[in-house]
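Multiple structures follow.
In the two complexes that follow, subunit A is the common piece, with subunit B as its partner first and subunit C second.
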Partner chain A sequence: MSEKTDYEITIGIECHVQLATKTKLFSEVDNDARGKEPNSCVSPVDYALPGMLPRLNKEAVRMAVLAGHALNSEINLISRFDRKHYYYPDLPKGYQISQLYHPIIGSGYVQLPDGTKVRIEHAHMEEDAGKLTHFGTYSLVDLNRAGTPLIEIVSMPDIHSAAHARDYCKELWRLMTYAGVCFGDLYNGNMRFDVNISLAKPGAKELGTRAEIKNLNSFRSVERAVEYEYERQSKLLDSGEKVKQETRGWSDATGKTTSQRSKEEAQDYRYMPEPDIPPIHLEQSFVDEMKAKLPRMPEDYREMFKGILPDDTIEILLDYQPLIAKLAELYADNDDKTASKENISTSGVKKVANLFTSVLLAEENTSLLNDELPTKRQLIDLVTMLEKSELSSTGGKEVFLKFFDPEMHTKDTRTIAKELNVLQENDTGALEAIVDQVLADPACAQAVADFKAGSEKVLGFLVGQVMKASKGKANPAAVQPILRKKLK
Partner chain B sequence: MLRLLKPNMKGMSMQIASKDISAVSMVKAALEKAEKYQDYHVFVSLNSENALKKAAEIDAKIARGEKVGRLAGVPYALKDNFLSPEGKTTASSKILEPLESPITATAVKKLEAEGAIMIGRTNMDSFAHGSSTENSYFGPTSNSKDKARVAGGSSGGSAVAVALDIVPFATGTDTGGSIRQPASFNGVYGFKPTYGTISRYGVVAMASSTDCVGFFTQNPEDMDLLMQICAGQDSYDMTTLPDFYTTTQSRQDSPRIGIIKDFDNDAVHPEIRRALTEKVDELKKAGYEIVELSMPALKYALAVYYIVVPAEVSSNLSRHDGIRYGYRSAEAETLSEVYGKSRSDGFMPENKRRIMIGNFVLSSGFYDAYYLKAQKARTLIIQEYAKAFEKCDFILTPVSPNPAFKLGEKVNDPVSMYMEDVMSVPINLAGLPSLTIPVGKTPEGLDLGLQIIGPRRSDAAIIALAMQAGDALRGPAAPARILRDGVDGDTKRQDPREEEVK
Partner chain C sequence: MNITEKDIDHLAELSNFSLSEAEKTSLRQDLQNIIGYISQLDELDVSGVEPTYQVFEMENIWREDKILPQEADREALLNLAPAMTDNQIKVPKVL
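So, the complex of A and B:
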């Protein structure tokens, strides 16, 4: 057996992003076919009736510009469409309208959580194809997806590990969903990744021959496919064989890639400028306006919460844009007209972040993520009550959960706490009375005697008795000093 | 044969609106003539039942005193590459297998909204590929003056329908001369507007960057009316221009007419050269300034055209794959057989030739040498016209090098057939408007036409010039039906629709 070499892996990724427009890229039918009958969202433009012409959806152009800003990219003020020809039943016109020569989005970059920058070569607009389902001797075509607007984001070969490949894809997913241009439903193919992988000996000047793994639809499969390809290609190279330039498919079930099409079988797409659509001319003012409208991106949140929250907590919360956005609203936004102008402190941020991660992201509660989040007012009050010890951390969690209760979610925090009967007793006078009552209880006489004899341990028992007598409303932190004082 | 002086379309619809004549009788007469001239093979299909029904509806509307459109009751013929739910579209091909369309082409919609009545769909070269209407799956159409000669093409059926006076107007499409050349071969007016003037929505595409919708009429006044109705921006066709067509009545002060020296050579039929020389003399006499132009870049036009257009043709015809509609070979068993056999059986030889040329010039490795270079040469041609229009207001040239040739003469010699387009294609490449006007006849009685070309958006001015300079341009041998004045005699009569407007 030949010796095993540590190869340098180089990865470039092409990502197809379905834009979340109401209608298709070139026709007026519904772009969201989830749960609809096959071929029910199809216009004569989509099934390529002769004489039909594309009508460019302006909303798709707007979203592409937003996506470009999310990718820190230059926006090309003039872009145009081209036709990419090939025959397949999922492609009604016999060509896909795409952008080869003048894409709308120019070069940019994506910053990964660890600070690594992956450069974007360009990103272009194009239409999605339909879907084929194969049955033994025949296949059925569903054109609901034909004409869905896509942007294809093409990275430079700047990625050098399976983990970074996964991080890059995940970061793209965050950028596109944060920008509001994609629903981000990977299971339904809202984003698909084609991963180009090549190996070379460390220090080699030229990249090795690459294989392209097509149509991956989860971060995990991207990572696994890269790991598998590293093994496959390095084995080939170790044994002196060559890696073939080809397109390969990935199977989640087998955990393997398999050859689909070699370079020799590659199609000649006969690209041609699309004569039915005039070039897109964008005004610089429109591009600037879109930039101003771009919501906060992951990098903005990382910067905002760095040093306040642990990095891994930030990354967890970044997977749930509404949560991190809510946290930012509590912490940094004071222009909210409907809610409070106040903000919470950094310790308050930690408390809310903790509620989000420990309560909302707990497995039994994930369904609540679909509900509306508590208001800024509710959360500020909750933090204040926790800080003033009016609520115990347990009581706080109970109240927090009720923010999602359809019966209670409109009520203010204090009302909910009262109704739950979890407000803590902090009033010294009232607490002293309870303590007196406990100390006078014959059942506690032994404990009192033990404490006076120098046993610190029984203090806990006495605090417990006070809590019991207060029906849990006493704040234990306030009870202890009173007990000590009384037992002197 | 005695030919009655007949009014233009405005007059016809006035007669119908004032109940002098019924729409039904007008449509019936057109259908009868269509029957009578059956052996010319003008129509692919007739729309008799629908047409008569629509005519009756218009008569009923008029009887109720309701407002009717500017073409109410006027029968017309539709080139068979326009989609509408009325009848079935074939584009004279097998592969479309008479297609029932759920949608109506924008131009058709506008004509119908004015009350025009489609009596039939006219024969054409399959997918408009050709200059003689011999490439039709349904067989050729004969020339209106000589049944042994071609109608011209690709809109041959439409030209002959108007020339035989079956209908006062017909629609056409012009990608490289497909309206102007058959108009010239049949002695009628044929207009190709500025690219983007009339919506292409619902018209089976040939070459998207040069396709234009236009018309055949018997006089320039009718052409103006049709342009008023059909020109205009359409949100369903992103290449349409913002509205600009406005009828111009104002006489342009001594317009300068350019003639192209480069076209005056032995390759052009002597009768056509004679006609041009005569007309130029007449125009001079009538006070028009004649400017001689040298336009050397035009010699590249045919080569450019037969690269750019087949490229777009090959692309636009890709959708005919036997999967969703149209003909599918019954013998096909695999996917590649569905494609291969359906397309092999379904397309005509000329279709296949253009698909092959188009695929070749777009192939990787050849794109730069052919398509890209052709696009650059196209820019030169556009610039040369722009320069020419600094020196003159309009250009007068032949439409084709020869009058109507014999059926079968060129159909097996594609290059010689392509040469027939040498004077018409440069105008499409530059997107300019051009009107064919009938100017006379050869000694054998074949029609001769010339074309007036203008700068982009000069459509109305070209039509106005044809009206103005009509006497100078019309030949002494021009048929009587063009020399009409029936309407002029009637102009004092109140237009009932004008009354309503007041």
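So, the complex of A and C:
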């Protein structure tokens, strides 16, 4: 009889990141093939015509250094390219130019939202391969993607749950998009994850045999694939069988992994130094300069808003870099020449964060995320007016939405509030006049009598009447004390 | 080092070559000679010597990230392929 054991799971992840350069890694053709005809972004270098010389894209090197800083990694001042030989129609050269021995990015770490650190073994530059589409008896090759610059980020086996595997991939996505080195479009394969998974009995000194799940392209599929592999491998081990070291593919549709090829037929890439690309030798000053250029990273924002916003709100906003960056601009930046040296208070941060999550991230409004965000001035004014009760929270939301209206987005906050007619009446004199008018209304006589007889709850009715008489512009919080005073 | 027929089969498979028996024999002999020649280097003590990666003293040969027109266009390049369909290169089914 087999017994169910609680195995310890160990996961290491390799992530391919397509760099957002204008041209490919080794040829001067368009690197952005989204929506373009097959084989329209190609050059003789990509076709590996005899005698073609690859020429390294300096911008790809710059982005790799920036990515390395985002990964808290050492940058290797000297790095070299190698040829990795394999025969497959997705790369006509018969080899991929990669960096095996001297990668540009050395060891570093990624910190997950809960504080867990995943160490980075290294990350190297390489070229992407073309895209194959398989048909009944033949395959078609599109070389648009062949030669796209990649960095492959290799983690240490520091991950021990499906949730952490997902968190790690998501954090990588944030780091790379925040650093501005990747468009982060997972649907179009801008980032792809290979996940190595092994199980061992608790306390075992050695890791178990691993299976590698290739080419996952969403955080959810990473999580599901790990969950599936845990079940599959633990069943095998429980029944005394062995896990095969192999490459497996994942299907979102079936929710299963299936064997693709066994690593037993040893892969032999016959690496050799790439003679066509001389080594990269970076100046320390350039590396330092890149570090100074790195914008705020997720960890910076977590530190900034910890204790001010709930952790889960921070994590939601971190998925939308422009939003969290805007919030930081309002709260922390005071050298902004275009707007204002003012900052908002922590309660203002909460108000704006709430507008972002409840209005902007509401399903019906997500299209607004593509628009330009309101200016610092507009948002500071909005917060001030909310705090002074010149706007109700409902009125505030209406004004906020108009910041995205092409007809109104350049107007200042007060002008928009006036045009929407949502400014609240706080002026005591004006409110007293309306209250007098309501109390004199015979329709309210019964309520007035009830209140005087001790019924508190009719106060709400009376406030409602004042609101109605003011056409919704009275501030209810200001109306109540006036009513009480007059009814004494 | 002795190059066996199995080595030749392995290398041929990695490169997706189909070789005749005669070719295998002659390639095995050629490779044996090349490796034998190079093996003379084994006599040297190279401990502490930095490996030679490049024979030219060049570094940082790179270019700006600018799209340039190519001399060969899509059609010219596609026409080099033995077969094509829908602007894609057609190859025997692989997986």
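Quick note on the criterion: the second predicted complex is superposed on the first by the 486 of 488 C-alpha atoms of A that agree within 3 Å, B and C clash if a C-alpha of one lies under 4 Å from a C-alpha of the other, contacts with A are read in each partner's own complex, and residues count from 1 in each chain.
The criterion applied here is as follows: a contact is a pair of C-beta atoms (placed from the backbone, for glycine too) under 8 Å apart; a residue touches a chain by one contact, two chains touch by 3 or more.
As the structure is a computational prediction, the values presented were derived from the model and not from experiment.
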TODO: Using the superposition on chain A described above, determine whether A:298 touches subunit B (first), subunit C (second), both, or neither.
DONE: neither
- [ ] Could you tell me if A:54 is touching subunit B, subunit C, both of them or neither one (first, second, both, neither)?
- [x] first
TODO: Quick one: classify A:40 as touching subunit B (first), subunit C (second), both or neither.
DONE: second
Task: Which superposed partner A:138 touches (first subunit B, second subunit C, both, neither) - done: second
- [ ] Classify the contacts of A:87 with the two partner chains as first (subunit B alone), second (subunit C alone), both, or neither.
- [x] both
Task: Partner chain in contact with A:22 - subunit B first, subunit C second, else both or neither - done: second
- [ ] Could you figure out whether subunit B or subunit C reaches more residues of subunit A?
- [x] C
Open item on the list: Once chain A of both complexes is superposed, is A:277 in touch with subunit B (first), subunit C (second), both, or neither?
Closed with: both
Open item on the list: Contact-wise, after the overlay, does A:95 reach subunit B, subunit C, both or neither (first, second, both, neither)?
Closed with: first
- [ ] Could you give the residue numbers on subunit A that contact subunit B in one complex and subunit C in the other?
- [x] 44, 47, 49, 55-56, 85, 87, 89, 94, 141, 268, 270, 275, 277-278
TODO: Using the touch rule from the top, collect the residues of subunit B that touch subunit A in their complex.
DONE: 81-83, 89, 91, 96, 99, 101-103, 105, 200-205, 207-209, 235-239, 311-312, 314-315, 317-321, 323-325, 335, 339, 359, 362-364, 367, 371
TODO: Enumerate the contact residues on subunit A facing subunit C in the complex.
DONE: 21-23, 28-30, 37-40, 42-44, 47, 49, 55-61, 80, 85-89, 94, 132-143, 268, 270, 273, 275, 277-281
Task: Touching residues (chain side subunit C, partner subunit A) in the complex - done: 10, 14-16, 53-56, 58-68, 70-72, 74, 77-78, 80, 85-95
TODO: State the interface residues of subunit A toward subunit B in the complex, per the touch definition above.
DONE: 44, 47-56, 83, 85, 87, 89, 92-95, 141, 268-272, 275-278
